[in-house]
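Below is one structure, written out as structure tokens; comments come after it.
Order of writing sets the chain letters: A, B, C, D and E. Residues in each chain are counted from 1.
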Amino acid sequence: MPEVTTNVKKANVRELIKKNKNTVNMHKILETVMPKLLLVIAIISVLTTIGIILTLITETFEFFKRVPFVEFYTGTVLKPLGENAQFGILPLIAGTLMSSLIAMCVAIPIGLMSAVYLSEYASERVRKALKPILEVLAGIPTIVYGFFALTFVTPLLRSFIPGLEPSNILSPGIVMGIMIIPMVASLSEDAMSSVPKSMREGALALGATKLEVSWKVVVPAAMSGIIASFVLAISRAIGETMIVTIASGSSKNFTFDLTQSMQTMTAYIVEVTGGDAPAGSTLYYSLYAVAMTLFVFTLVMNMLAQYISRKFREEY
Amino acid sequence: MKYIDSAQVQKKMSSRLLFNQILKTLFFLSTIVGLVVLVVLFYRVISQSIGWIDLSFLTNKLSTMPERAGIMGAILGTVWLMIVVAPITLFLGVGTAIYLEEYAKKSKFQSFIQTNISNLAGVPSIVFGILGLTIFVRAAGLGNIILAGGLTMALLVLPIVVVSSQEAIRAVPSFLREASYAMGATKWQTIIKVVLPAALPGILTGTILALSRAIGETAPLVVIGIPALLIPFPGGIFDKFTVLPMQIYYWTVDAALVAEYANLAAATIVVLLFVLFAMNSIAIFIRNKFQQRY
Amino acid sequence: MVLATQLKKDMEVQVDVQGLPEQKKVVYNTKDLNLWYGNDHALKNINLEINENEVTAIIGPSGCGKSTYIKTLNRMVELVPTVRISGDITYREQSIFQKSYKVEELRTYVGMVFQKPNPFPKSIYDNIAYGPRTHGIKNKKILDEIVEKSLRGAAIWDEVKDRLNENAYGLSGGQQQRLCIARCLAIEPDVILMDEPTSALDPISTLKVEELVQELKKDYSIIIVTHNMQQAARISDITAFFLNGEVIEFDQTNKIFSNPNDKRTEDYITGRFG
Amino acid sequence: SSDTNGNGGTNNTGNSNSGSGDPGSGEASAELEGSVVIDGSGTVYPLMAKLAENYMINEQEGVSVEVSRAGTSAGFKKFLVENGTDFNDASRQIKDEEQAEADALGMEVKELKVALDGLTFVVHPENDWATELTEQEIIDIFLASTGKENWSDVRPDFPNEPINTYGPNENHGTYEFFWEVILGKEDLSSDVNLQQEYSTLVDLISKDKNAIGFFGYGYYANNTDKLTAVKVDFGNGPVEPSLDTIKEDGAYANFTRPVFTYLNVDHAKEKPQVLDFAIYAMKSVNDVAGETGFAPLPSEEIDKVVSELEALK
Amino acid sequence: MVLATQLKKDMEVQVDVQGLPEQKKVVYNTKDLNLWYGNDHALKNINLEINENEVTAIIGPSGCGKSTYIKTLNRMVELVPTVRISGDITYREQSIFQKSYKVEELRTYVGMVFQKPNPFPKSIYDNIAYGPRTHGIKNKKILDEIVEKSLRGAAIWDEVKDRLNENAYGLSGGQQQRLCIARCLAIEPDVILMDEPTSALDPISTLKVEELVQELKKDYSIIIVTHNMQQAARISDITAFFLNGEVIEFDQTNKIFSNPNDKRTEDYITGRFG
């Protein structure tokens, strides 16, 4: 190492740095300003939530001045237009519950079984091939599923279910279920693959078959994650809009007959805004009351899912 | 005394193994359901769109006559919408992620914002539509223009960008930060010069996925109100607009009036899916190509 | 040479207790076993006989193939997809690699205890009952009996008898490991494989498990992998020394520790490497 | 709620090239820009959409005409506000209270009658019994008070199957015309399946053997393969709705109604493109009425309106 | 006793080369330093003086606080939010815990090399230029000079001079570590802290780094944490032995390794624990 030059230049760089110390005050300013700026940015997400809640609350409050709270939540007749408008949300809740229920009947068993297959049975190669397909399924826009439900699934179902009406809750429910399969499958699979390998080995070493290991050890151990995935899936189904709007018509039937047309809360919002409810009318405010109800439903579901996965996290 | 009888164990073994095999098949079939649906869906959509997708379909203006109708307006609308959404979400999303990951560690406030973001991610898109309608379209008086739609969409996909950026930032090993601090760099210098460049591929991947979500969303725009027939091309963020999913929506609904509209809807779906696949491929490419292995 | 001296002392005790080895029945016979992980040749030409009611210790430096070998004995190694095997292992004179041989059945005869205690996230009772239930025992009374017997067998009954319905993860590490031994006893195995069963435990728990192993020897054949040479010297009858996937020396434990044939064995047990 | 100025500026830059590319197209009128916003009747929508499209292709490429179809009543609510829509299509005449609202806003509204429509009752093509009904039978089917639940309640020789009734919802002028003019404001049966979108109605009825529903003639005319129109007996034998019978003094006169578009005159005075479109629309409406399922108006009537509009220039 | 003998030999060489210690200038003075992670008392009453142009080695068993101490010297330890500190450290006679003291400035005087090589995922050039650029040096020519000089100083110039624009992760582990040393030289520090700089390296790379340290001693004061006692013996002038957060012995390296004062020091360097 050439010592002499080193010493000469050593002084050089140090001096340069010293000199710059005064000019790099900008860094100090950034150092104090940026955290605050970023905080402001971060708060925007909070403001969005507050915005949603305030918007919904103020207008919903106005709605309940016109339609009593109890009447709204116990009313079985929804006839929002015309002379004798009646606002009972139960038909919409029934429609929402039915479509979500049907979706869950499709998504939960298929999603869970796929998760078991992917996490316990599939070889690395098969998993690598199948997972992207599930991801594709999850990435298809809902409007496309709506088109598919209306033009393919409904006619198909009607060809072997005689009593099925041209618009019915069954077809969008099923398609919604298919759409949600990837969500259940991948969240459940995550939960299952985080069960340590040693747990599986423990069971296999006792002579259990793969099925017995999956069903009696892995699934119970991953239960909180699996349940959380179900709850999130339900929340997703409740909030889903375009499939039901397109394929389930807009009949406000208060029924639990899945061959009939029913309207969900989301589809109601589309219908009312599509008719461009003029600001100030009861119809207009009903939009917010329904949206508020929808928001609370999904929020509760999401928080429940978070609570479950946090509270019942297995410590292995 | 022996409790476990090996003869008994042997006898049961075959049926247990058989059961295992049967259910394995069932599990496999369940996994395949998605694939089957996908194939059917693609087959349907593509076969319905054959003969309808051509250059003039891509470049023409909208029309009530199926043979003349084109989706250039919707494509441009989608592009303009993304021109609004991308910078806003990138700015807000990455900013929030930096704040949460680098500055606000472990405080109550941090966990509050974090919870808030994950809850926001679960709010149905149509509720965002109501927010957009009330605040941007009506209260701010913007009307149903691209800017209003873009702001609404930006808020809708913001949580996706925040969460994926957080993950990308978290994946930057702490030894890189330490190396930078040890050189006398300040925190902000470290973030800008070391953390963000290293996290960039992850951030971009997440942002592209968020944008593809925004491209496919319909519900918030239905609420904001998109005209059923809008022929001119949008030329800026203050213009009215339509987008690919909205066009699919109207044509699907109106197929009851003019049967050919169903084919137009299918053709538009093919275009939309193609765009989404392209975006996903880009995201995967970025992830594989630029992700640093340490 | 402190370490070596200490070992010597252990040896002497061992020799006294055991006297000369008798000829015993063979449980496992390994013939020309080779095993690859992908292209990685992890076991090379292994030939070993494991006797009934003896404790066989397997020692060797990290990565020499101890775990691989022991997991081959109950075919757990096949969970790694890239594994290829040649040669043969017979268990009670039957080749375990035969097509018709059911691994699940083999594993009911061959219990296994792992390095890190791995109870199921269930109650203590359900942990023990898991094996019997799997094999079709549903009767509550019989299960109760099995649970008690196994927990007693693993010398943990007194500590847990009042909390059988509590989650097994409430137990200490040492208790969890004995629970895992009990779980393995519950299916009344013939052989017990143990892969460094005490390496995650504190000295007192280690002692308890070691005592237990001595106790279990009366009824079971035990193969134990250990990093701790004193432990091998203390509890085993036969020791196999592995190095780079090969068996370097396989002999009476007192012979190996007092007068090894191979220079490498000597180097290893005197701490010159590993 | 349209921002005309904002639109105008950007549209201009977007389209000026193509405009100057073929200056010979269209008539001699000056090149216009900006937007025209139309909402209202779903019945009139196909007609207006066609006119708008033709206008943009043949006349003024720089003008953006957007057409929506919230329904007549919903449309009026968007029309009768400060900075509301430029035109509101209507399948009924403006109501007194709506006119009063306009007066209160100081807004001058001009009624433009554009064509004639016949309220058409349609059934499933496989329905071979109810192809001819009397006016009273139709009224009875839809009234709440008569309690007709099965087809056999209408005529004993009809099948004993439920009647499924369909129609547009209360946002629509068509509903109001039916309810006010034909039912005389008596209560509609609560079983009537009321929909926002006409296309949904067409779809539902075309798939339901026991259906009967109503809407403007145009929606039937476009779907003659999926629907059968009921021939109505007004006392002089069954009459099929058609462009010939739908006339103010024709055989289908009882169910015939004029359809309109209402022009915000203030907007027309401020924005040349609005007035220009109004004039164009009136001049060309008879050319496209037939193909979109409307009966044309006498040309004298049209000419009169056109000259009134030109006077606004 | 093979190990101990080996150590002795190293010692002799060391003693020969070094001769008697001279009095040197003090760089760092640590007074009654205590440090807690939450409630965990990680450093207890540390008193140490570090001299200019010497290599000070810090040895001790895992978890004894070596890394904690060395990270306190450039206040990197404060990145852990739960840390509390009492006592004082002066660097060149100024307390580094003073309110007005700028850590960023301290860190330009005190470079640090970590256990695992941690180059930035940038080009080799940009890695070296990072420090100077951070401190405001933009001039391309000056940067070029600094890069070359630093890489030469870290004895890696010849290996990388033709690939300065390639990603640093293309280098081998040993090269990466020397790159990190070069990066640290680029801001011409006064002191270099090294936390087990060779523990992730192969023997040949280790040798190279050790030689480099000897070389650097001429211009820099070096504090090096190491697990490898031979290494400490080979390259350091002064050695501090830490145990459970305390300094047990702090003396000339040859003294510590040949004739330690404390029984625990002796036990540790002869391999009786740790």
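Following the convention adopted for this analysis, a residue touches a chain if its C-beta (ideal position, glycine included) is under 8 Å from a C-beta of that chain, and two chains touch if they have at least 3 such contacts.
These numbers were taken from a predicted model, which means no experiment stands behind them.
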With a step meaning a move to a chain it touches, how many steps does the shortest path from chain C to chain D take? 2
Would you mind telling me which chain pair, B-D or B-C, is linked by more contacting C-beta pairs? B-D
If every chain is reduced to the average of its C-alpha atoms, which one ends up farthest from chain C? D
Centre-to-centre distance between chain E and chain A (centres being mean Cα positions), rounded to whole Å: 51
Distance in whole angstrom between the CA centres of chain B and chain E is 48
Taking each chain's mean CA coordinate, chain A and chain B are separated, in whole Å, by 13
Mind pulling the residue numbers of chain B that touch at least two other chains? 9, 16-17, 138, 186, 189, 225, 253, 255
When you check chain A against every other chain, which residues touch at least two of them? 207, 209, 212, 274, 276
Using the touch rule from the top of the page, what residues of chain E touch 2 or more other chains? 105, 108, 135, 187
If we count contacts the way the header does, which residues on chain C are in touch with chain A in the complex? 74, 76, 79, 81, 104-108, 110-112, 114, 116, 118-122, 130-131, 134-135, 169, 180, 183-184, 187
In the complex, chain E residues that touch chain A: 105, 108, 132, 135-137, 142, 145-146, 149, 152-153, 186-188, 215, 218-219
Taking the touch rule as given, give the residues of chain A at its contact with chain E in the complex, in rising order. 1-3, 5-7, 9-10, 13-14, 16-17, 20-21, 23-24
Okay, in this complex, where on chain B does chain E touch? 105-106, 173, 175-186, 189, 193-194, 197-198, 292-294
Would you tell me which residues of chain D are touching chain B in their complex? 1-3, 6-7, 10-11, 13-15, 35, 45-46, 49-50, 52-53, 56, 64-69, 197-203, 206, 219, 222-223
